[in-house]
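My structure is below; once you've seen it, I'll send some questions.
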Amino acid sequence: MRILLDPEPRLEGEIFSPAAAARLAAEHSVVRFDGGDRAAFYARELPGAEVVMGQQPLTAQAIAHAPRLRCIVNVETNFLPNIDYDACFARGIHVIAPSGVFAQPVAELGLGMALSLARDIHGAHADFVAGRERWGLDGTGRAELLGGAPMAIIGYGDLGRALHRVLAGLRPQLFVHDPWLPPEFLRRQGVEPAGLVEALGRARVVFVTASVTTDNPGFLNDAALHAMQDGAMLLLLSRAAVADFSALAAHARSGRLRIATDVFPEEPVAPDDPIRAVPGMLFSAHRAGALAGALTTIGDWVLEDLALIARDLPPVMCRRAERETVTRLRSKPISRS
Amino acid sequence: MRILLDPEPRLEGEIFSPAAAARLAAEHSVVRFDGGDRAAFYARELPGAEVVMGQQPLTAQAIAHAPRLRCIVNVETNFLPNIDYDACFARGIHVIAPSGVFAQPVAELGLGMALSLARDIHGAHADFVAGRERWGLDGTGRAELLGGAPMAIIGYGDLGRALHRVLAGLRPQLFVHDPWLPPEFLRRQGVEPAGLVEALGRARVVFVTASVTTDNPGFLNDAALHAMQDGAMLLLLSRAAVADFSALAAHARSGRLRIATDVFPEEPVAPDDPIRAVPGMLFSAHRAGALAGALTTIGDWVLEDLALIARDLPPVMCRRAERETVTRLRSKPISRS
Amino acid sequence: MRILLDPEPRLEGEIFSPAAAARLAAEHSVVRFDGGDRAAFYARELPGAEVVMGQQPLTAQAIAHAPRLRCIVNVETNFLPNIDYDACFARGIHVIAPSGVFAQPVAELGLGMALSLARDIHGAHADFVAGRERWGLDGTGRAELLGGAPMAIIGYGDLGRALHRVLAGLRPQLFVHDPWLPPEFLRRQGVEPAGLVEALGRARVVFVTASVTTDNPGFLNDAALHAMQDGAMLLLLSRAAVADFSALAAHARSGRLRIATDVFPEEPVAPDDPIRAVPGMLFSAHRAGALAGALTTIGDWVLEDLALIARDLPPVMCRRAERETVTRLRSKPISRS
Amino acid sequence: MRILLDPEPRLEGEIFSPAAAARLAAEHSVVRFDGGDRAAFYARELPGAEVVMGQQPLTAQAIAHAPRLRCIVNVETNFLPNIDYDACFARGIHVIAPSGVFAQPVAELGLGMALSLARDIHGAHADFVAGRERWGLDGTGRAELLGGAPMAIIGYGDLGRALHRVLAGLRPQLFVHDPWLPPEFLRRQGVEPAGLVEALGRARVVFVTASVTTDNPGFLNDAALHAMQDGAMLLLLSRAAVADFSALAAHARSGRLRIATDVFPEEPVAPDDPIRAVPGMLFSAHRAGALAGALTTIGDWVLEDLALIARDLPPVMCRRAERETVTRLRSKPISRS
């Protein structure tokens, strides 16, 4: 197919391995944005394009000038509100994002951080290096076993499902809260559906994997955190905007909760941000999904889906924008990965 | 049954929860060592004892003076060479140790430390607190996914089997080396049997859960570590004596391997021991099994097995000393937990 | 929502349990087809309908006269070519079918029939009742173990995925052939993608769960069956039209293959149809999905999805017709379940 | 090692594959019973024997005349009361039986028969062949799904554990009754411990895998069967002596229970035994374990264990006779397999 390739802020070499680049060249005809006048480029190339790969705005008018367009691929993996989705859906143009490539990396980091919170792996290591470690039982503090423990996943999309799989070895009792999925759907996955307060209240470990939507900014506020058990653990793995960070910091500082986060309201975090000194918090600088391997998987998945579309079959590797939900998502563009 | 109770170095209150203590009192007649002349105490009490709970020496002569003895319970969970095992086996006296209580805690810490090595959770946290974190892709360094990765377990006893279970969510390709188990036995467990060099060479993550035996001190030496892949991870979870620590430190220092250890040749480690400064090593101060909950599980398991023995049934919760292997084990007594 | 309810050939009381009927009444406004002039009924009711529940034809013109229409529910669970799907998709009208309700019943029958073929459960029982049984080893004939055996699933839709789950206890090496799914998608599910001939050739047990499409009628022909191993087993669980029944019968009659089928080219099968006498075939009279419980699950799932649609969320319980594939399906209407 | 080989009633060629026979010859020195005067043969050969492979009587006196004896291998896989076990245990002579080779075959047949009962696979097939089949829903009768159903396993030895594994794909709620195992042991296996009446009363499917012991002949009597739910299923897979067959037949005949059995009080069953005509019973003529492949596995496992014993390691493939339980077992000798 004829592909208009403009992956910024990602780089073409970052998302296509050499093998994938060769496949891209062999199976498609690629027109790359040349870095010049973008409006002129799109005006010139959209009429012939069957695929647009990138995150640039596309108005209804632009789409109307792309009569052969069959697919828009967001390789940043966020569906942004800069596309006229209705115009796409009316024509059956797929808008897809390989967001699932980050699910396994995020899930593994989430599990690792949960075990670090439960057993203070990071703290005990720092103590050892500093020569102030405590041995055996004396060093276990609030350690607790996760095997068989009640846990909660808030948001059962790609990330939540990957976490579910990755947790299997711990055989948790798993409560899932997802307001977009009916209870029976969740039961079929082998988890227990729960309201937010119930999920927070019953779990020793809460994994937050919810996307930001029009409905949920800041839903992890002080009241929600108070629903959690004393000493329970919370891991924020999706987007900072779903949580009230001053409440998170307060519950961690008081020792009531153990909290880990991979995301922050402003990134990078200011050097003097007081959150850096909050005891009982485990920090990761937006590293959960960011693996070199995950980025090249983007290219692999996209090529698989384009091959399906070329055969008049629906894409199955990437997530598809849905009429009802795409306009409710409130992702921020990434600056870089 | 009549129990001679002398659990030192453990404390009775540490291994029996209040509920277990009540059950112990209800089901058995307990004679506690009074802290006085131990030889006199044993001389007086062995003739009536059906169970000895403790780790004190028992010669063939002592056992001969205990005609009603049916079971010796090692609550330290190490089989020490201070008992005449042949005398026990000839009479059908069970010598048991609830060593399995530590399997789940060790396995969970092992998984947590493996994920910390793979994603540098501890290092990234320390960097964040110190204000020198790197964001996103820039902070992932040598991060790699563990899902589907080849891994090895060296020593497939209680610890190794618990690790196998706990790793399930990562669906690893699992190589197991255990010179006391035939290949077909391992295949039935769903793992691939392997020689030591093959196991070390094929895995990205090597979990060492082998006991110390007469055959294997120092088997993880420089040559063995050279069999591992560049950048691979090794976690030492059982006993320090199976490894050459200078070789471990050298491979970690050079960056060739990523290494975590919960055990050390001398514990506590000296304040100025240079190992504390080895980069690329993740340290835990013998904390893998030491959870308060694991200790009270000792009491629970022992009571279940004593109830079986009282019914003339074989014990099933604890590990039993075996004629062939017990004299090959080289555990050190614990000082405290 | 306002629902136009016309479920024929199903009965309302068959697909809605009493509890579901109460929920239907409480949450929706239902207009039932009265059994009179259907054209007049639709002409009168379509303009107000938000949901059509039934399998009647809907032309582009009819859909144009249903400006409030949001969802068409096929409760027969076959997408028939009597709807103008393009007209639906252009407007974002969901066309859904709860076909997944039959997946678990079919998968369980498939597993049971596979074990019956592998161990001749049905034949040995008939022999016993007739007094001609053979005992122990003498009665095992071509019996073989399925644990760890290579198996194939042809068609990885709802049925194939349910089979994959149900087979877990046998830990098969699973080859999957599905021309609509890319290899990487299948690998992510933990199965090995394979071409048709490879899948047939490597498996001891082949489960056929493929829908009939424009591309595949009769693809299980004599040549395909010749690709199977001597003595291998084939279970036809989806639609008769994918197979050449004279070839099936020939391979079963000769003893080269063991074959089970739940479906037939003409149903009911004629009393004197020679297939009834083919040795080595195991027969089921289209009973795989037909459980009373499966039918009431239709109502439950549909109500869950309508509740989502009423909240402006996409349906997740039922299968949705897809622009690319719905016109390739060649299901026959059912006469009665 | 020097092996006295006398496997009757099994045949050497039946339990050793050609490859195993070659290994036997290469690793051991074998003295075969020549079919002559058995007493003279044993008197002559026991003094030099390190291994006895067979089921002949061995008194304390005979064992005393076998000073080099290290292992007795029962290749029939029943521990018979014709050995002086105490004499063996006092000397540390292992008495082993590869009974586990039958576990997988029995478990698979048990699962297959359970699905046949639940869906009437055997009955529907017979009806089809006879031209009296009923189609679709009309043919499902008392069919029920097993996925997620409560089930019970009575007796959690090798057979019960294999069933547990094989049932995994159905994700049952599993109750286990085994009077020789404490509740906590069962919980660690992921099942719910239960008393006999509770297990029978809560399950839709009951698998009986209990050995016959001094305590349990006839425990599945009329009262026990009355504890089961209406329409529930019972599968007798171990030994006929644990059940009252007239009660089984009565509950099947009345339609209250669905019952399958692989074993019978007298085998072969008399041609005119009225049990053959009991409706609602599914019969198998002691075929559950009897697979040619299972028999050659006997040889493979025995060779693995002998190799361990030769290395002064304990056997792990076969079951070992235990001092407390071996005298409680009441197995009958087999006539032939």
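In this document, chain identifiers A, B, C and D correspond to the written order of the chains, with residue numbering beginning at 1 in each.
Throughout what follows, a contact is a pair of C-beta atoms (placed from the backbone, for glycine too) under 8 Å apart; a residue touches a chain by one contact, two chains touch by 3 or more.
The structure displayed is predicted, hence computed values, not measured ones.
Touch-path distance (fewest steps) from chain B to chain D is 1. Ranking every chain by how far its Cα centroid lies from the centroid of chain D, the top place goes to A.
One inter-chain figure worth recording: chain B and chain C are separated by 51 Å, centre to centre, where each centre is the mean of the chain's CA atoms. Annotation: 38 Å between the Cα-based centres of chain C and chain D. Across the assembly, chain C contributes no residue that touches 2 or more other chains. By the contact rule set out at the top, the touching chain pairs are A-B, A-C, B-D, C-D. Chain C meets chain A in the complex at residues 89-92, 180-182, 184-185, 300-301, 304-305, 307-308, 312-314, 316-317, 322-325.
Against chain B, in their complex, chain A makes its touches with residues 104-105, 108-109, 111-113, 115-116, 118-119, 121-122, 124-129, 131, 133-137, 139-140, 143-147, 165-170, 267-269, 271, 276-277, 282-287, 290-293, 295, 336-337.
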